[in-house]
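Chain IDs A, B, C and D follow the sequence of writing; residue 1 opens each chain.
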Amino acid sequence: MSTTPAFTGVIPPVITPRTSDGALDLPGLEAVVEHLVSGGMHGLFPLGSSGETPYLTDAERAEVLATVASATAGRVPLLVGANEQTTARVIEEARKVASRGADAVVVTTPYYAIFDATEVKRHFRAVAAAVDVPVLAYDVPVRTHFKLAPGLLAELAHEGTIAGVKDSSGNDIAFRQLRLLTRGLEGFALFSGHEVVCDAAMLSGADGLVPGLANVDPAGYRRLYDAAVSGNWETAVKEQDRLAELFRIVDVPDGSRVSPGAGGLGAFKTALAELGVIGANTMSRPMESLNAAEATEIRAILSATGLL
Amino acid sequence: MSTTPAFTGVIPPVITPRTSDGALDLPGLEAVVEHLVSGGMHGLFPLGSSGETPYLTDAERAEVLATVASATAGRVPLLVGANEQTTARVIEEARKVASRGADAVVVTTPYYAIFDATEVKRHFRAVAAAVDVPVLAYDVPVRTHFKLAPGLLAELAHEGTIAGVKDSSGNDIAFRQLRLLTRGLEGFALFSGHEVVCDAAMLSGADGLVPGLANVDPAGYRRLYDAAVSGNWETAVKEQDRLAELFRIVDVPDGSRVSPGAGGLGAFKTALAELGVIGANTMSRPMESLNAAEATEIRAILSATGLL
Amino acid sequence: MSTTPAFTGVIPPVITPRTSDGALDLPGLEAVVEHLVSGGMHGLFPLGSSGETPYLTDAERAEVLATVASATAGRVPLLVGANEQTTARVIEEARKVASRGADAVVVTTPYYAIFDATEVKRHFRAVAAAVDVPVLAYDVPVRTHFKLAPGLLAELAHEGTIAGVKDSSGNDIAFRQLRLLTRGLEGFALFSGHEVVCDAAMLSGADGLVPGLANVDPAGYRRLYDAAVSGNWETAVKEQDRLAELFRIVDVPDGSRVSPGAGGLGAFKTALAELGVIGANTMSRPMESLNAAEATEIRAILSATGLL
Amino acid sequence: MSTTPAFTGVIPPVITPRTSDGALDLPGLEAVVEHLVSGGMHGLFPLGSSGETPYLTDAERAEVLATVASATAGRVPLLVGANEQTTARVIEEARKVASRGADAVVVTTPYYAIFDATEVKRHFRAVAAAVDVPVLAYDVPVRTHFKLAPGLLAELAHEGTIAGVKDSSGNDIAFRQLRLLTRGLEGFALFSGHEVVCDAAMLSGADGLVPGLANVDPAGYRRLYDAAVSGNWETAVKEQDRLAELFRIVDVPDGSRVSPGAGGLGAFKTALAELGVIGANTMSRPMESLNAAEATEIRAILSATGLL
């Protein structure tokens, strides 16, 4: 009997391109998928935060997932976000994405709702009972305003409710504690969602990585991951440091014009446009897109880090 | 030309009863509407937070609004929540509720999304441009984690984007500042959503009240409002103090078993069940319902405050 | 046996003037005291937040209190801040100020320390046991990052540990609940520390007011208080609205140059300088003082509100 | 010219023992110093948070530092906390500890005060200008409620204001960014203050470690550090995992009786008492000490991790 988790490796959250008039750019999305799969990604995570999923209408979500599933064509597994605010609504969303090709669903705590840890457990148990695919917990307190404690996650993992955690909490201490509490647990995978500490996350025992920046440089994150898995930490650190330089693209947007949410994702989109993968860097409304001056700065960082 | 705002008076957020098996209790909802209209309410606010709207599926939301609209039968206006997390999704929701009988829609800032004040303005402007009914801003930072600043709201009010504000921010200072910035503004109404400071809100210049507790004692809030409007502050304070005693029902639930969100709404539902208006105090999952011991305590408070 | 609390009325936190070279301006402080006492204040609160006490060295604190005590000469009582971060240090500070003329000491929860409600109770009990003057609790979560719950304060009040509360929490709901829990309690006084909702605080049952802005316009706050006490709410609201206009001086400082802490107090000092009460508007370091352009704007507001 | 920072290695914050009647236990403190120096520590950090410094009176602080300085007898350098809330008060405190033997002072941002980034820079510059020893910035937002941004710290580092940073922010992303912004900077040292991610911190480029848990197991942290410095990451991780097990002593205290602040430090003290280094686990008031049942649980963890 293996103790390999169901999913490992680099599984980036897939961005959602739009044409300059704001419509979904489905050919562009297919190009992003190809860029990622050919860049060595072990899986894809559509309908995540980096996919601007909170901003997509129901119809757009359906189109995005259909396009990603079709373009991926089963080459790698799809972990898919089921982004809704409470249990019954998450279940409806999770069933939809499962029926559209998700190999697993990624689910947050409730939000907007006012809840506590006991409700969170009932929430994940109800979702897991309602869908036929594995459920991963997505810990993103900057959005949900609730940190999933290591003990709570370990309880859900050991009872079989969740098959993994995507940690975007920025709390490396809790991440390590969760790893210690779940080490060797059959079928459970721990992912870090932070771009600039992937080497440290791997040293701490992560099973995989979900970095938004891998949209821009999938091969770089693949090299980092492979180096870490083979214990070549010097190489992993060196690659991480280069990727941390690349991550400075998110500091380029002018904060007086572009919100924090729009700036980071806008930088990813702008970089992909500069790399020729997609045609425009348009953001979902009400987010502001990056302008030409910002694109020029991002182009310089792409050059300095060897991508152009 | 009048400077009367479009909506004034006591306009309670309508609770959403469920039968003991968890289904919507539509006859119970009709009874609640009758209880409220006959209790002297100036309007009704279905699909608000007190209506457990975050927990309702799309189909349930449609049923609730249809039932409230039918039961109200035009006797008072309907302000209806359009509870979604970002602009495009709010617009779809707002159009739905407008088509189903809303006289105005009540809209929060984005949530889950990471945004800033500039995006908030674009958000409200886009929603207002997309629907044919007035838009009220709902300021509820305990849920959205963003406080709408008085200056921002005043700007949206003066340009005609919003027709009112429901303030549930717990910030009486900002409330007063907003009142000073909007005094005499044609067609703009300022509502307080807090149960125990309605007298003070009226003294500060509120146009109306949106207290969840008015589900339990609509006539009490009507007396408070009428006393305040006629400058009879001694009576208003006395009525408010009694209602504050009644509001202690929200402290009854055991916090180790019932979450803060479930406790407050569960107390309202339990009180309505004890009063015979509805048949059960069942909460939407994953929220816990109040138990028999808690119902007994609530019954005692209802007696002590003259409702039983 | 009377149920009058020990202290009532308007008791402003006294600002601490500095000369343009940054030294304490003790003659200026005497002038402020005279301005306040002759303006009808019922007591004075030196060494509070508005006195820049967090920024004063121990030697400066001693000088300030000696000067205020001497200038007041017993005409009104002195409530004095004992501003320290933990129990043993507060006790030392409280004993010092008691020995220097305080009629009562005003004490916050611990800060910087990481604590809980149980420790907070032990804290106040230990301080009260260690000093011979009444202890008032100062609830200022924007500084301490801990809100004193109404139930906790009521427990300390009923057991005789605290003789009052200065509420600067911005939470009018908790304020009202505390009032209901302490109504008629012998020797206990409830004060509001917020400038623009004093009328509402009085309607809610406050015993007194501690507005920093009363440094600028003591007579205005006295008129507001007297009107409220005599049930003349129309006058109280009108006076409050004028004072709210005056309070806009705190919005004058340029936030890119002056911190939020420095801006509000700097506006009070600048207004007092423009009124001729003190000679300079210099702030304690590292706070930035307001500049000439800002002084001109403040002067205009003083004129518009009838003070110049 | 070397680029070695002034301080490197493991430099634990020294706990402050008390006898069972609450007095300072100076012989116990000498024993702790001996335990740490003989355990291979590269320096000592008295008057830090783990030393309960916020709770010490001025007289106690003087006694603690004199005792540590005397017991250390120059064998390793002393980094000493100057724990005060604003600039002028920090300067007085920093001068005191410098005169009593500090080789460097460790300084936070202001607290209780309401400030901004501009004031923070003035604060550190004023302190550095006022003392003759190097100043290290201590980033501890759980106490100060202000996170020192990497860019701000890098600016202070490059201009020579600060000689290092002790990071207790729990933000590994910002830690990595600060490292990239200061790599190779002459005389600047970056320390991590977190017990369970020291291996990852070293991989990320830390110059040293300031773990409170090193009071209990200095030799373990020395082995971890030495393994990391020599690139033996497998050993470092293994040692870290054992120390993470040891760190579970902080989860032993009953949170309904012991506050979060008291629980962690109380566990360290209890472990040292069980190890026979000190005689009692008494905490500074108002903190609760751990009881016999908790001590028994801690003893079991000490055994399981090889310390007993």
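As a convention for this text, a residue touches a chain if its C-beta (ideal position, glycine included) is under 8 Å from a C-beta of that chain, and two chains touch if they have at least 3 such contacts.
What you see is a predicted model, and the numbers here were worked out from it, not measured in a lab.
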Among C-D, B-C or A-D, find the interface that matches A-B: by residue number, over half of the contact pairs should be common to both.
C-D
How many Å are there between the centre of chain C and the centre of chain D, using C-alpha atoms for each centre?
36
For the pair chain A and chain C, the C-alpha centroid-to-centroid distance in angstrom is 49
Please list each pair of chains that are touching.
A-B, A-D, B-C, C-D
For the complex, give me every residue of chain B touching chain C.
170-173, 176-177, 180, 194, 196-197, 199-201, 203-204, 231, 233-234, 237, 241, 244-245
Touch list for chain A against partner chain B, complex:
54-58, 83, 85-89, 92, 110-116, 118-119, 122-123, 126, 142-145, 257, 259-262, 284-288
